[in-house]
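What follows is a single structure, written as structure tokens, with notes after it.
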Amino acid sequence: MLAAAQAATDFVTPKLDYAALAPEMILTGVIVVVLLLDLFLDETQKYVIPSIAGFGILTAAFPLVFLAVQGDDVRSMVGGAYVSDDFALVFKALFLGTGYVVLLMSNRYIDEGDYYKGEYYVMLLSSLLGMVVMSSSRDLISIFVALELLSIPAYLLAGWRKRDLKSNEASLKYYLLGVLSSGVMLYGMSLIFGAAGTTVLEDISAQLVSVPQLDKVIAIGIFFVVVGFAFKVSAVPFHFWAPDTYEGAPTPVTAFLSVASKAAGFVALLQLVFIAFLSQGDTWAPLFWVLAALTMTVGNLVALRQTNIVRMLAYSSVAQAGYILVPFAVAGDELRAVQSAQTAAIVYLLIYSAMNLGAFAIVLAVARKTRSGEISSFGGLFQYAPGLTVVMTVFLASLAGVPPAGGWFAKFAVFRSVLDAGTGWAVALGVIAAVNSVVAAFYYFNVAREMWINPVPDEDRTPIRVPAALTTALGLTVAVVLVIGVFPGLFADLGNAASLGR
Amino acid sequence: MSGANVAFGVLAAVMAVSAIRVVTTKNVVHAALYLVLVLAGVAGIFILLAAEFLAIVQILVYIGAIVVLFLFGIMLTRAPIGRAPDLDNDQRAIGAVVAMFLFGVLGWILYDGFGDTQLQLRDVGRSGDVGASIFSTFVVPFEVISVLLLAALVGAVVIARRD
Amino acid sequence: MYLMQFLVLAAFLFCVGVYGVLVRKNAVLVLMSIELILNSVNINLVALGVYRGYDQAIVGQVFSLFVIAVAAAEVGIGLAIVLLIYRNRASIDLSEVDLMKG
Amino acid sequence: MVLQNIWVIPAITASSFVLILLFGRRLPNKGAEFGLMALTMTFALASIGAAQWVGRPADLEVEPASTIKSAEAHDEEGGDEDHGNKSDKGHAGEGAKEHAGEGAKEHAEEQDEGGHGAEGTVAEAGEGDEDHGGGHEAEPIRRPVDRRWAWFQTGDVKVQAGTHADGLAMAMLFVVSLISLLVHVFSFSYMHGDERFTHYYAALSLFTTGMFVLVTASNTLQALFGWELMGLCSFMLIGHWWDRDGNKNSSAALKAFFTTRTGDVGLLVGISILFFAAGQTFDIETTNRAALTGQIGSGVLLAAAAALLVAVIGKSAQFPLHTWLPDAMAGPTPVSALIHAATMVVAGVYLVARLYGVFWVAFDIGGGGINPVAVVGAVTILIAAALAFVQADIKKVLAYSTVSQLGFMIMALGVGAWTAGIFHLFTHAFFKACLFLGAGSISHSGSHHSFDMVKDMGGLKDKMPWTFRTFLVATAALAGVPPLAGFWSKDEILLGAGKNGYGLFMVVGLIGAFMTAAYMTRCVYLTFFGEPRGAAAHHHPHESPPLIVVPLQVLAVLSVFAGLLNAPFFGELFGKWTSNSTVLGAGIAHHEFSLVAAALSIAVAFGGIATGYAYYWKGFRVGSLRHDRGPTGMLYRLLVRKYYLDDLYEGFIVRGIREPVARAAYWTNQKVIDAVVNGAGIAARGIARFVYEIIDQRGIDAAVNGAGIASSETGGLLRYIQTGRVQQYAALMLGAAGVFALALALL
Amino acid sequence: MNWFDDWALTLAVFLPMVGVAVLALIPRANEDLHKLVALVTSGATLAVGVGILTRFDYSRSRMPQFEVDRGWIDVINSRYHVFVDGISLPLLALSMLITVLCVIYSWNHFPEPHNPKAFLILMLVLETGMNGTFVAEDLILFFVFFELVLLPMYFMIGVWGGENRQYASIKFFLYTLFGSALMILSFLALFFLAPNTAGQNTFDIPELVAAGASIPRSTQILIFAGLFMGFAIKVPMFPFHTWLPDAHTEAPTVGSVILAAVLLKLGTYGFIRIALPILPEAAEAWAPWIGGLAVIGIIYGALGCLAQRDMKRLIAFSSVAHMGYVMLGISTLTDYGVNAAVFGMVAHGLITGMLFFLAGSIHERYHTRELARLGGILKQAPHLGWILGFCAFASLGLPGLAGFWGEFPAILSAYSPAEALDEGLFRIYMVVAAIGTVLAAGYLLWMFQRTAFGLPKEEFSDAHIHDVHGPEWIAWTPLLVLIVVLGIFPNLLFGITDDAVGVVTQAFARVGG
């Protein structure tokens, strides 16, 4: 506003903090480099592209370390529309890490299939850039643009297996529903913009209180904005795309969607809810309550009946989103509850990312041999791939919330936020979550049972050869899951530090 | 401001009818043409709201580019150029109910919030201010959107090309 | 002029767009309907910006510009996806695209 | 002092058990050595202990119940002092125990040869002492010898293990060790060649240990140990031939354990109640004192006593839980002798005698009239005696006889004739052991392992003279022929019942005595007289080997003389030796020997015998039954002189009893009581199956599974929403959005 | 040996994990090495346990010993706080012993599918979980260990189990998971509602014990409900027991042994360590219900046993009954009761563990556990038969053997429960529980008769049946010896537990005698 007002008379060059923007800039650079290399490199030399992309991601993560070590100062730019704080750093790190793991997972997959390699990495990196930008965006326009940047490549990636009808369909469904929901979200944003008279989140929070006569408009605005991101995080009833898309998309992309894209949705929700709409708890708390309850329950119940592992994981990720929504529902306007809700959501996201990625990595590894996505194809895995079985079991246990795999701490954090709120509604939701986690255990352990107990379906016991990159990915994720499980303190700190709005 | 009101009335009527035709017509090409009318109407509305720059962009980008894209799309997918009986699926009733329900809810809420608010156009928005704003406050999204367009371009080519 | 009239027009376009998305079988027509929705958003943004004063009118316009740009990109890739579908299925009837369900 | 160290006695038999188990199989006599040595030692020790007890100065003044209170405070102080010393003593004891164990073993080996001689002298010495120690009816009694060790601690209560040596305990030790020793000897020949000979001896040792533990226990918990240990061993011994006759033998073992265990519920409950009622202690003396001084509320006391009575009924095979005892005949005969004479079944009687203060106060035994203990005893006497008439199996006759005699003991305790009850226990042990071992001898050498008197016996008196003689003596003792042992003890019971205001029970006792005499006569007739039948005719019966006969002779001698211990002419020594503070505190009246009562009981006994004789020897002159000259002239002539009762007996009493009443009783026993017991088992199984199959598997489990299925089905239904058609998804999303929006707007 | 005092518990808990790591690195083919490593690891752990036993100060058994208290998850103020006292020491020792014996027992009969590596790894992981649970003094730490045992057991049942293993393992898993979900809720409620003296929220059990009483009664009751569900399912109490027979029936022998001997104790231990001391008022309110369910469980379990045709299932049902005694003891809230409960836990661990070993060995020899098909074991394998008989008698609570001390004091304590409880009601419980002992005798002896007595059935009359062999002797002897020794010298255990139990029950005044 100040800037804009001055601009009316005289253009002032914005002060950009290039140190804070370093990750974004490096990533952009990498995108360009990869694109150019793809153009100029010989077909036989293109194997370097993933390495360069991976190297680029790690390089982009480097400034984060620097920024984190620098101290806890909040680097705010362009009138508070773009901020680099602990929250942003943590999530940027998460996204880059996730991106790196997905890259490792994709490596051989893309090589062996008939895909456009260079462009694949461009898409992946672009989407990643969108997410990184999302972590710092503190204004409606930035959020919108970041959302689109992370979505559009994702729509395309879902259809990357061009000759596969399922992949096409996945892409189409994802695209159509995605665009529709971003339309709804935009409509909501326009209403919020109208009511608050600003697009910067910090200011929206203050402004909304001053226009009580617009409460209904604001409520609808908030709701529509939430719808846009509820779609992204695949909350019921905006989840319909997820199972179909996950099933159809190439598996590394599915992993990416289910983890990074979902996390990005939550990042946006966190920023919007806990900065912009903080004062409007009456509106969004019940909304999230219903969303959370529906999401957990429907996700888990439908997952019970799945026979395809990816589809099962899709519904599982729907249900997991429900757990992450729980803290939103119970964060009242009491500071402590808000704090604890954010911590819970953040911690859950961190852990969820690791475990879900890991699970998909296993699916990928197993599918290399079985060429099937059916749960029954995991039969007797233990007999010929004990390592994978054990690791998968760790991930499943984590998803189900069984210590010492990390998942328990995520659930724990959620329950903690529920009790921190302490209201009747909160506890009711906690009970729903508890019941759901039991239901969930059933289908997770159905897979475990398949692997450990059931016979090998086709009696083919040739061992699975896991490529090095995939092994690295598995190693990383399983290490994270176990470390969190045993030393959750580390991550709890992270979650605490990363909370917004202090 | 009766002139503006009249202009709005005309524009709104044309847009409403055209919009309805876009979603009801049995001819695919007609739909595209009705869409042009709606988009042009939107440009007119922008002018009424003193946003000339935006109006021009609207015409250039939408009518000049997007509608053409649509027409290419119609052509490439060999859609029936004449009247086609089954352009709609079987959820017409549901669609109508949902749409009208939404419209009712939105209308009521908007009326509840902005029922008697007058619009005062004090000044015509200058393009220069728009530019300054883009390059100061919104410079990050601006840069980001360039990457977006690049990615969309590359991606669309990869997906759409025959191989 | 009342703010309402713009908002209601936008809301109307939005709902018509919604109807189109729900009802049209042809994928290209669905994309057109989505354009209706995005345009309604633009009207909203500009009108509400004006309602909020000059500075906000500019912000509203900027927002609209971004929406237009994104819309262009979206239509572009949307059509690419539709073409992809068409090439593999020789049809862009959305109600036939239901390989995956349950 | 043996009295202070009577823990050695169970310790010896326990180590014998362990040694037999560990080394038995490798020894020439398969482990019987250990058993015999151990029992010889324990018998010697018990005899020495008894002698020491008798020689102990009687210096403890016992005031009647009402004045005990003041003395008690004093006692408790003393008790506390004891606590202080105890830990030291305990340690010393433990240390000594190891040495003693070693020593005992060596000692036993040394004594191996001369065991018999030593035993004899010690026993004689003991008897000699008894005469001296008798003295006059001095009011003071002997101070019991207590020994305590810390056992365990829970809460602020330190539970102590300990031994309590007094007259009752010593008498029991003496009897038990003696009977057990004889059974050991007897078994050596009887069980020769049995495939589980070693196991058998191990179990015998453990069985005896159980009884020793019970007898020497100073607290109820320890008593429970012994009590259950016997249950275990009875299971092992009754089921000794578990591989024969299908499940019959093992089922009998099961039944024995299970039935007594049912009674044990009462013991557990009773002990628990008394523990708290007596101020959180298991100590028997303290408990008795607390009961006698009225510290325990009458309701609580009644509950405890009732619970204990249930235990007694189970263990001592009282009506209506007596059915296991006849079945328990499935075990080897020496075991039956041991069970019936000295261990197991008398444990119940012993328990009542030990906790007499509790029973006395709870049931107001001193008040006369009627009380549960006496009723249980009395009913059992009649029921069991009637049953004994119709048995064909000699062991079953004896078994019912035991039940009936246990009834006498319980009734004695119930009517306040404490000394008489215990004395009957004492004497009964000898002649009943003699009878059982005799029956064993018959089956071993006379009837080719059959116990059926009707089919496989008859006319054995000449073929097995010593068995016959000893059996006859024991029968006479059981029947109450003076001056044999049974006469004195039974007479005292009847006297006590009459004098203590339990007239009705005296009448019952007389009837019981009459019946006892009659059925034992029948038994003797069928076994030894008449024509040989079945196995007795075809398998060349002969006298048993010495190892079997000698115990019979020893027991027969004891059956003759044991009664004199409490005979009035000898100063009623037994009563003086066994009297203790509980009994005196209860204020039990002592009754002078009454000639009238004695005459009455003599009359009844001879009446019974005569009736039997008349019926079997004279009544059926037809056919092959030829009447014979009596074994002892006196008995024969007395029987003949009562001949005029023959018609009466045959016409009314015997027919009356034998035909309808006994049949009815047996029928009731088999069809009702046994059926109830068996039926309870069947019903329990039925209920169990119902509970398991219907409630558990279909109810609770199904509810759980049902919840799972329901959620899975819901999941299945929800899947239908996911139609795969993108526009339906959109419709659902937007529809939901509309509904949400409206809801939010309205709120 | 200060070093030992500081590290003993950590070693006891995590040494098995070292073994797991080593095992994981050894190729699967090298079976003998696997067995050796597992034996050495569990043996070393047991050695640590012996060290703890020798260095434990028995005169101060109510005090925490070998205590370690380090920061762990600072954000929620959860700490790595472990110690042993008189209550946890016996259970810790039991857990260590049982694991070693199980390794030995498995020596040359690993269940099918043959995979010693995985099997041993699971066993060692289980040990870590069990040991950890018994020493954890922080609710979160407790929870982590408590749950850690879930998975290995799930796989043990699921992979090496019988025909119905899938159903059984899933059932086991879901039941326990459901319980622990509610349990963690209660833990959190405690965390928030009972700040320590410094006003800080805490998961530290001793601190919560001090602070718990400040929670209002009605809230306590609710929190207790959550704890109750968590622990009661693990115990398991009627009517949450239905997972147990299935799990036991299907589990491999070693799994059953560990499950019965140690895992079930986690629940009862939780009651004693957490539920009672922290929420005394709620415990008083709940005790009559717990006691009621306990005695129902006693009778119900016994009836369930009588209806069984499968030997192992029968033993499993007997666990329901026996744990009923333990819970009855706990529900009295008295010294006697809780002492009895701890004793009962150890005794049940030894005896039922032994019974499951036997059932496994019998199954291995006859390839059936059907009572109707068995018989005459005493003829063919007399040692096996007599050991079975011995254990049956121990299990039915014969005085002089360990089982008695779990049963009788529990019955005894019910006569005089804590002051706040209804005496009359508990006396009824006492009588019912006493009747349960009869039924116990009934089903155990019935089983013994059917299997051991008589002659072998025709189908096995020619079969060559091994009597007890080497590894079995080695694995069983310590258990058998302990059963006798503890039966005769109960103070070996009561002496350790009593003082510490006093700490638990001090909140509940006892009615005097």
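Lettered A, B, C, D and E in written order, each chain numbered from 1.
Just so we're on the same page, a contact is a pair of C-beta atoms (placed from the backbone, for glycine too) under 8 Å apart; a residue touches a chain by one contact, two chains touch by 3 or more.
No experiment lies behind these values; they were computed from the predicted model shown.
S.K.: Going by the stated contact rule, which chains contact subunit C and subunit D alike?
M.R.: Both subunit C and subunit D are touched by A, B, going by the contact rule given at the top.
S.K.: Most central chain by CA mean?
M.R.: Central chain is E.
S.K.: Considering only mean CA positions as chain centres, point out the chain farthest from subunit D.
M.R.: B
S.K.: Hey, which chain ends up farthest from subunit E, C-alpha centres compared?
M.R.: B
S.K.: Calculate how many whole Å lie between the centre of subunit B and the centre of subunit D, each centre taken as the average of the chain's C-alpha atoms.
M.R.: Taking the average C-alpha coordinate of subunit B and of subunit D, the gap between them is 105 Å.
S.K.: Distance-wise, how many Å sit between the C-alpha centres of subunit A and subunit E, to the nearest whole number?
M.R.: Centre-to-centre distance between subunit A and subunit E: 42 Å.
S.K.: Averaging only over C-alpha atoms, locate the centres of subunit D and subunit E and give their separation in whole Å.
M.R.: Between these chains, centre-to-centre, one finds 38 Å.
S.K.: So, what's the distance in Å between the C-alpha centres of subunit E and subunit C?
M.R.: From the centre of subunit C to the centre of subunit E is 64 Å.
S.K.: Which residues belonging to subunit E are in contact with no fewer than two other chains?
M.R.: 174
S.K.: Identify all positions of subunit C at which a residue touches two or more other chains, and write them in rising order.
M.R.: Those would be 14, 17-18, 21-23, 27, 30, 47, 51, 53-54, 58-59, 62, 66, 70, 73-74, 77, 80-82, 84, 94-95, 97-102.
S.K.: Could you tell me which residues belong to subunit D and also touch two or more other chains?
M.R.: In subunit D, 708, 719, 722, 724, 726-727, 730-731, 734, 737, 741, 745 touch at least two other chains.
S.K.: When you check every pair of chains, which ones turn out to touch?
M.R.: Between chains, contact exists in these pairs: A-B, A-C, A-D, A-E, B-C, B-D, C-D, D-E.
S.K.: Quick check on the complex: what are the subunit D residues that touch subunit B?
M.R.: Interface residues on the subunit D side: 727-728, 731, 734-735, 737-738, 741-742, 745.
S.K.: Could you list, by residue number, the parts of subunit A that touch subunit C in their complex?
M.R.: 1, 4-5, 7-8, 140-141, 144-145, 148, 152, 155-156, 159, 162-163, 165-166, 168-173, 175-176, 179-180, 183-184, 186-187, 189-191, 193-194, 197-199, 243-244, 247-248, 305-306, 311
S.K.: Subunit C touches which residues of subunit B in the complex?
M.R.: 1, 4-5, 8, 12, 15-16, 19-20, 22-23, 28, 31-32, 35, 38-39, 42, 45-46, 48-51, 53-54, 57-58, 61-62, 65-66, 69-70, 72-74, 76-79, 86-92, 94-96, 98-100, 102-103, 106-107, 110-111, 114-119, 121-123, 125, 129-130, 133-134, 137-138, 141, 145, 148-149, 152-153, 155-157, 159-160, 162
S.K.: Which part of subunit C faces subunit D closely enough to touch in the complex?
M.R.: 18, 21-23, 30, 94-95, 97-102
S.K.: Taking the complex as given, what residues does subunit A use to touch subunit B?
M.R.: For this pair, the touching residues of subunit A are 3-4, 7-8, 11-14, 16, 21, 28, 31, 35, 77-79, 81-82, 116, 119, 122-123, 126-127, 129-130, 133, 137, 141-142, 144-146, 148-149, 152-153, 156, 159-160, 162, 171, 194-195, 213-214, 216-217, 220.
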